[in-house]
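Data first, discussion second: the structure below is written as structure tokens.
Just so it is clear, A, B, C, D, E and F label the chains in written order, and each chain counts residues from 1 on its own.
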Amino acid sequence: MKTHPRKLLVVIAEAALERQLVADVKRLGAQGYTVIDVRGGGARGDRGADWDADRSIQMEVICDDAVAGKIADHIHQSYFEDYAVTVCITEVGVLRPEKF
Amino acid sequence: MKTHPRKLLVVIAEAALERQLVADVKRLGAQGYTVIDVRGGGARGDRGADWDADRSIQMEVICDDAVAGKIADHIHQSYFEDYAVTVCITEVGVLRPEKF
Amino acid sequence: MKTHPRKLLVVIAEAALERQLVADVKRLGAQGYTVIDVRGGGARGDRGADWDADRSIQMEVICDDAVAGKIADHIHQSYFEDYAVTVCITEVGVLRPEKF
Amino acid sequence: MDPVVYFFVLGLAARLLRSDLKLPGVLYESLTIYLLLAIGIKGGVELASHPAGPIAVQVAAALGMGAVLPLIAFPLLRYAGRFDCYNAGAIAAHYGSVSVVTFAVGLAYLAQRNVAYEAYMPLFVAVLEAPGIIVGILLGRMADSGREARWPLLLREVLLGKSIVLLLGGLLIGWLAGPTAIAPVKPFFFDLFKGALCLFLLEMGLIVAARAGDLRKAGAFLLCFGILMPLLAGTIGATVGWLVQLSVGGTTLLATLAASASYIAAPAAVRIALPQANPGLSLAAALGVTFPFNITFGIPVYHAIARFLHT
Amino acid sequence: MDPVVYFFVLGLAARLLRSDLKLPGVLYESLTIYLLLAIGIKGGVELASHPAGPIAVQVAAALGMGAVLPLIAFPLLRYAGRFDCYNAGAIAAHYGSVSVVTFAVGLAYLAQRNVAYEAYMPLFVAVLEAPGIIVGILLGRMADSGREARWPLLLREVLLGKSIVLLLGGLLIGWLAGPTAIAPVKPFFFDLFKGALCLFLLEMGLIVAARAGDLRKAGAFLLCFGILMPLLAGTIGATVGWLVQLSVGGTTLLATLAASASYIAAPAAVRIALPQANPGLSLAAALGVTFPFNITFGIPVYHAIARFLHT
Amino acid sequence: MDPVVYFFVLGLAARLLRSDLKLPGVLYESLTIYLLLAIGIKGGVELASHPAGPIAVQVAAALGMGAVLPLIAFPLLRYAGRFDCYNAGAIAAHYGSVSVVTFAVGLAYLAQRNVAYEAYMPLFVAVLEAPGIIVGILLGRMADSGREARWPLLLREVLLGKSIVLLLGGLLIGWLAGPTAIAPVKPFFFDLFKGALCLFLLEMGLIVAARAGDLRKAGAFLLCFGILMPLLAGTIGATVGWLVQLSVGGTTLLATLAASASYIAAPAAVRIALPQANPGLSLAAALGVTFPFNITFGIPVYHAIARFLHT
């Protein structure tokens, strides 16, 4: 099993941003994405997912360094100021390098 | 806190494969697994989890290098051609090495 | 895009522990946390999330080394013996170091 | 007090006592969809038997009222409340729009007292949902020339939000099908309505209590605003209803709508269109103050105003 | 048109207009379980009062029909449609099996017109679910000697899929309990049936519209197939029903079942047994063309055929 | 046998045959909430028309019985069953508390036989839920002086668990509202009750079958305990009911409550308060043995005992 290095970009954000984030990552070059419904808490208080305004999502994007950088920068500029958003990046290995 | 290096294998796949994947990873030596309901999109189109045929899962398996390799190879051979499946592998540290 | 190294601590545990774990990580210095409903299996048998006693959660905490160590140690001492709990730690990069 | 309100109080008490009682989010979503459809269908069935002319006039009046309400709320918030443009606009948008559940409690209130009302009143819920939000957002963005507006996206979000689609869809279906064809779905959409409303109010109680923290942070002005604004808007609504010759019941309901503040459609739209606004403020006022006020004291007051105007 | 169909159209319109209306997946699952159980129970209660002999003959005829239908569909798809073995088998499996919701719309159609039918018809839904899938998969795998077949696993998947378990389970419970003991659950399982069906059809509309893209890719042949195959199968079903002496209503329902294409049991089984087939094609035809066709135009046509045969 | 039990058997059979039938977890949660509220409201409506004095005596007797039952179960488990302190306490806590669904099956059983009972019996469900859990946990912790007890947290967990909140809340609402005001929610909370119970029992069957493995591991003693303990507790419950002058129906229900073992409130509380106990053991006995035993054979036995005592 030979793996190729890629980035896994994880974005935790208000559910209200889901549509926009999906459009954003596609536009910035991601070839795929995965979304999970989550709850949590941070600087902007507890978000217990009890109802619409309190729901959060976690989006995962496997991509190369350049795309990860572009997405992270875009989120930084567009959402960090006004929305409950958290971003982190991990090194991962993938089997099919052409896919990501 | 001393940690021991292991692999975290992440498989994102059609929900129809859940039963088979659980059986596969157990058979190939994983001592545990975790499954999450997700939605997403990739080469095989958007999978919005609106109904059965569109549901996806994310399976996480913490294991040693050998088992990770075996599982990845098995998924490569059995599912990559016909199913919407994505695999990636990360380095993680665990506290109880005998458990994984 | 400049990132700063942090730890991502992942705890998979019985849902009954959610309240306590949230209180624990906050007390031990985490500035945020994310919780996902999961199912899975391991040394303590299959936990299919069919009903209350079988539900599991995955908690993710991005934090610095010291806090990650404290949380891991606390979980080790308090929960490993009696509960179905799994912990692993990954290296991640974050954009806003002051946040974690 | 109508027993549906007890369920709200039960939810409130459970969360404040820190019980682990929680309604699954999906149940809340399902109940929302059910209530909107049921209200729509009920109104639609009745619509057929009314002449279109007078209704058109009433609808136009309601539309106008919906656009005017945020114009009243905004300066109050901006100058008396000293909120910035974004927050003033955001809160004005919530109060310009309407709360379906408050309306449903109003329906239950009138039914219990055997007060007749124009059965097509649900039409007004659908009509009043959007204009207030749009005007509120416009006001909030006046200062904000930097960002591009993305109005087409926003208008779609507001006009095709699930509440309008389900209400108008239900109205249309009820109207097309008529009473005979609707009869077989009566046990589901009509007979269960009040019970489902109880469950929904239980969840509302839990949510409101969970946001009690926001309320404390919101400050005294917002507390007062959350009570005085519905009284003002309710009076305006009752006057409009009386002018367009709604019955006492219809006038009460229009006043209730005017007085109610949205917490389904408005928060979603405002969060995208006015991201700078703090959603905690709008929700503290709309959910934490105005909603409980309306379902307990407000509706009887609007009923009294309506009766007063009609004598 | 029956008002339940309006809900389908509402869902369709909402998604095509890109509204954010979404029914929670869990609501869809719950409604499926409810509809299957309710249909089963209703049929079971009636089963007791019918002689077993004639029913056995009818069931055998239905089983045979279910196995034959994919044998007709497969060559059409393979040679006229130029699909490969896998896709031809997969689509044939969908059309060999049945759609419970189409059946439910058929029930509503007959009820509204006061057409009587054999009350044990739900038995045929359960009976017709499996054979078509199994034959379709067999056809699709003919070329595929490489892979091991895993038939035991597959048969369990098909025969113990949730639809058969709930339908047969409901039938058995209804039959064992009988009308008196079932009476207390009537408000839940019978009176709410049509309303729940409306909600389900709303969701079906949303799903069909979301898959409109598949439809475009599927091409003209599949579009025609999706309309002509049900007409052909419906005629066969009506003829079989007439031969085994079902009433006009029963004949209409058997024709409707024959004409309907599965989208609950078949997709799941086919995905595992014929992974090489593109699920988008089967679903585009079954969900995107045949389902809407059947609930709007198809059922009245099958009713007309049934009446014609019985005169 | 009451048809609701068939649904349990259907669930059992489906899972044991390894069908993929699964009820969404959220449906299970929603049904739980519904059943608890409905039972509470029904009891509350009736409470108003009864004198408080005798009820207070009965409640006190029930409280006492709830505290005594684990004191009987514990030594049996500890010395005859050779369980350690933790597990003996944990299992005793489950058997000291009550099962709402067993109670609901008891209601259905009496209704079908037209046996009258004190309509405020749901009050006893709420009253009996907590004491058994608390005493069981106390017993389990006797040996455990090391850990700090966190009793305030634990008491809140038990006394404000969702079952007690919903039952007592429902009782209070029913009592405050009274029969007239409750009438509009009757179709939702009363008429659907038995159907919802069927769906719930279907899920219980699936869950019990999924835990069949635990049962095998639990051993012969626990199997016997799971049948003998409810018979013993049921006899005690019937005697108490007879002493406090409940009717035959009421006595049967109190016996059923005493005999039933909790699997909603107790597991959650015990998991936090006695983490050393193996939850598989308690659940194998409570869910896997006692629950099926009670709903099939137990309730008729308790009814017979009640009739015997009242002659």
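What we mean here is this: contacts are C-beta pairs under 8 Å (C-beta built on N, C-alpha and C of every residue); 3 or more make two chains touch, one makes a residue touch a chain.
Treat the numbers as computed from the prediction; the structure is a model and nothing was measured.
Common neighbours of chain A and chain F under the contact definition above: C, D. In this structure chain E contacts its sequence twin chain F using mostly different residue numbers, the overlap staying below half. Each chain gets a centre from the mean of its Cα atoms; the one farthest from the centre of chain F is A. The most distant chain from chain B is D, comparing centres defined as mean Cα coordinates.
Between the CA-based centres of chain D and chain E the separation comes to 41 Å, rounded to the whole angstrom. Between the Cα centres of chain C and chain E there is a gap of 45 Å. Separation between the centroids of chain A and chain B, computed from CA atoms only, is 19 Å. In chain B, 36, 90-91 are the positions where the chain touches two or more neighbouring chains simultaneously.
Of all residues in chain D, those that touch two or more other chains are 20, 22, 26, 187, 192, 268. All chain pairs in contact, by the document's touch criterion: A-B, A-C, A-D, B-C, B-E, C-F, D-E, D-F, E-F.
Partner chain D is touched in their complex by these residues of chain F: 26, 29-30, 33-34, 37, 156-157, 160-162, 165-166, 169, 172-173, 176-177, 181-182, 184-185, 187-189, 192, 268.
By the touch criterion given at the top, residues 14, 16, 20, 45, 48-53, 55, 82-83 of chain A touch chain D in their complex. Here chain E touches chain B in the complex through residues 22, 25, 28, 203, 206-207, 210, 213, 263-264, 267-268, 271-272, 275-276, 279-280, 283, going by the rule given at the top.
Chain D contributes residues 2-3, 6-7, 10, 13-14, 17-24, 26-27, 108, 111-112, 187, 191-192, 194-196, 198-199, 202 to its touches with chain F in the complex.
Contact residues of chain B toward chain A in the complex are 10, 12, 36-43, 56, 58, 68-69, 72-73, 76, 80, 86-91.
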